[in-house]
Amino acid sequence: MRADRRFNLAGLGVFAALLLLWELYSRAGGVESYLPPPSAALKALTEPNVARALFGHLAGTLGRFLGGYLLAAALAVAAGVVLGYSRFAYSVSEVIIELLRPMPSVAIIPVAILCLGIGDAMMIAVTIYAAAWPILLNTIDGVRNLDRTLVDTGRTFGLGRVKILWQVALPAAAPYIATGLRVSLPIALILVTTSEMVAGVNGLGFFILDEERSLRPANMYAGIVVVALLGYALNRLFVAVEARALAWKRGLQAKGEA
Amino acid sequence: MPLLEVDALCKSYDGSAGAATLAIENISFNVERGEFVALVGPSGCGKTTLLMCIAGLAAPSGGRVAVKSQLVDRPPPDLVLVFQEYNRSLFAWRSVLGNVLFGLEAKGRGGKAADERARRLIGLVGLEGFERHYPWQLSGGMQQRVAIARALAYEPEVLLMDEPFGSVDAMTRLELEDALLAIWKELGTTILLVTHDIEEAIYLSDRVHVLARRPSRVVETVAIPLPRPRHQVTTRAEPSFMELRNRIYRRIADAG
Amino acid sequence: MRPSKISGFVALLAVVAAWELVARAGLVNPLLFPAMSKILASFLALLASGEIPAQIARSMERAAAGYFLAATVCIPLGVAMGLSERVYRALEVVVETLRPVPPPVVIPVAMLFLGIGDGMKIFVIFFSCAWPILLNTIDGVRNIDGLLVDTARTFGLARGRTILKVVLPAAAPQIMTGLRISLSITLILVVISEMIGSTDGIGYFILNAQRRLKVDQMYAGMIALALLGYILNQAFLFVSKRLLRGR
């Protein structure tokens, strides 16, 4: 969506009005079992023991996210460069990729539980699996679209295959890789929170589901606020890093993607 | 022993419908060490294809290419090609300086000396002050000059240039021609340059090979006995210059 | 068939054969990796008995309800937000606040309100599908050449008809992009919501098979899911090609 840095009074007004309506509605009574007022959720956030617990869960979620996402990026970019560059490697794996790709990645969770038990390894593994797909496919695309002349330029200056891969193919595919990384960021977060819900003992996903089951809806909403903030912060961080890393591309872009 | 030998070279491309395009049909010529040779010919006569084969970037369908008596079956070291599609051959993610440094880095040369050399060549092609710019920030002619500077910085023994001044304006073109001659003299590089500008071919080279289309072959080799150093005004004004120009022009028109 | 496809199928056969051999030789824990033949037999049996078709039908009901609900709400909303800067700015903060919420954590909220029935799953799918459809519609509408709309107006087309005849068709390719992204999200969320709070559906079936250590059935369910994803994607491509014909 277009980034508009102007102060949006109308938007904030609508947002505040909705919150106020919610507040009034739940104060009117009879719904506290599922719809506590937003103020109660805010109060929960500021309670020391809830805040401390949330902090711990946040750290767990963030750690698993980073582990899964970064490993997925490293593995998928490496594999994608090879598959995009080597026609043989691509033709051998094409059918297998096409078969695995349409399966919703969360379906891997039960397999991961079987193989890795319940714990961080399992959650990171499923996150890697799911986040790797967009990165892999985009990297393959980027390397396959590599301009022949660029490769020939590397060759005429005496670069071997490996160096061309590293110094020419990889940077040339960087915009594609960035697209893959952008798509897989929310996917990684979905997989982390889902696996925490299905088989976790901590983490924000676990916390939110656990508070719901323990009938503490205010804490549940507090958890959702934190996870939303996490998602927002990660996205902003990504956009900032991408803008720096692909600064050379700024003027090439036909349209701004904020 | 010539530095570069092209012997009965032919090259055909596989067409999409099974029909092969014969891009080159039997071309032979030699280039001696330190020589400046120009190739002129109508577009589509296979000049780019020829350079790609010499540079080891395309495999010939017949005949052979040798550099320093070594059969070319991969890109030979110490030989660099400046591509006709200069804009596609620049690294978009590298600045002007980064692009020019690329060749030096490929040679394993870095540090201050490489930096200075790159900057000097950037100045020589008239791009001083643009070191930190990225290719997309430059005009076509400026991009072409970056590609030339990058190849020159590499200091190859053999330099192949595919219509290297195609996109620069007339004034800059004259300056670049003289800059190229100066570097050629300084480094003793062997240069094979493709152009469709007959006067440019005469002005720069020791010999001009005239190529014809269908079948593409060398129809004539014209020695250029004009004295060096050459001068944009006086050399071009010499009667023998005009004579050479007319002769080559007629040869190309006849071969059509 | 392209020769490269053939080597791909050879590779696939090699993987399947290797799996079969390794499993039969007892080199891996049969609890984790039953022989491929056993998995396929189980898949066919579950298919024949109607178990898998029934579970998929349950999942598809929810998926379709949530998906089409999201399309019905978000396309008109996106057109409104794309055409009117006022509407856009009024809703911007709400949208930007809700959008970064990872959809799975909405499941507990929905369970509070709606229990673990279909309503909960439909809502969760709706919530997660809404964003790609909404944002792509807004973008698609905004990128329409203003001249197109003006032309329509000079021909005396009323606002409502302009939207139907000009705006929607012009924005259609990008709306389709949003719908396509949402399609794969739908499948993910139906599986997740069935894993977390359900007693049927293909997501529940797979997780439950794992818990009961019917591992061959778990893999069979995954095969069914992959097939479903493939078929849905192909169907979508088919339909969108029809809809966007002549573009």
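The first chain written gets the first letter, and so on, giving A, B and C; residue counts start at 1 in each chain.
The definition used in the following text is that a contact is a pair of C-beta atoms (placed from the backbone, for glycine too) under 8 Å apart; a residue touches a chain by one contact, two chains touch by 3 or more.
The shown structure was predicted, so the numbers you read here are calculated from the model rather than taken from an experiment.
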Relative to subunit C, chain with the most remote C-alpha centre: B
Chain closest to the assembly centre - both centres taken as Cα means: A
Centre distance in Å when subunit A and subunit B are each reduced to the mean of their C-alpha atoms: 49
Subunit B and subunit C: spacing of chain centres that average the CA atoms, whole Å: 55
Centre distance in Å when subunit A and subunit C are each reduced to the mean of their C-alpha atoms: 18
For the subunit B and subunit A complex, residues of the former touching the latter: 52, 55-57, 75, 77, 79-81, 83, 85, 88-89, 91-95, 102-103, 106-107, 134, 136-137, 154
Complex interface listing, subunit C residues touching subunit A: 3-5, 7-12, 15, 31-32, 86, 89-94, 96-98, 100-109, 111-113, 135, 138-139, 142, 184, 187-188, 191-192, 195-196, 203, 206-207, 209-210, 215, 218-219, 221-222, 225-230, 232-233
Residues of subunit A that touch subunit B when the two form their complex: 147, 149-150, 152-159, 163, 168, 171-172, 174, 248-249, 251-252
Of all residues in subunit A, those that touch subunit C in their complex: 1-2, 4, 8, 10-15, 18, 33-35, 87-88, 90-96, 99-100, 102-111, 113-115, 186, 189-190, 193-194, 197-198, 204-205, 208-209, 211-213, 217, 220-221, 223-224, 227-229, 231-232, 235
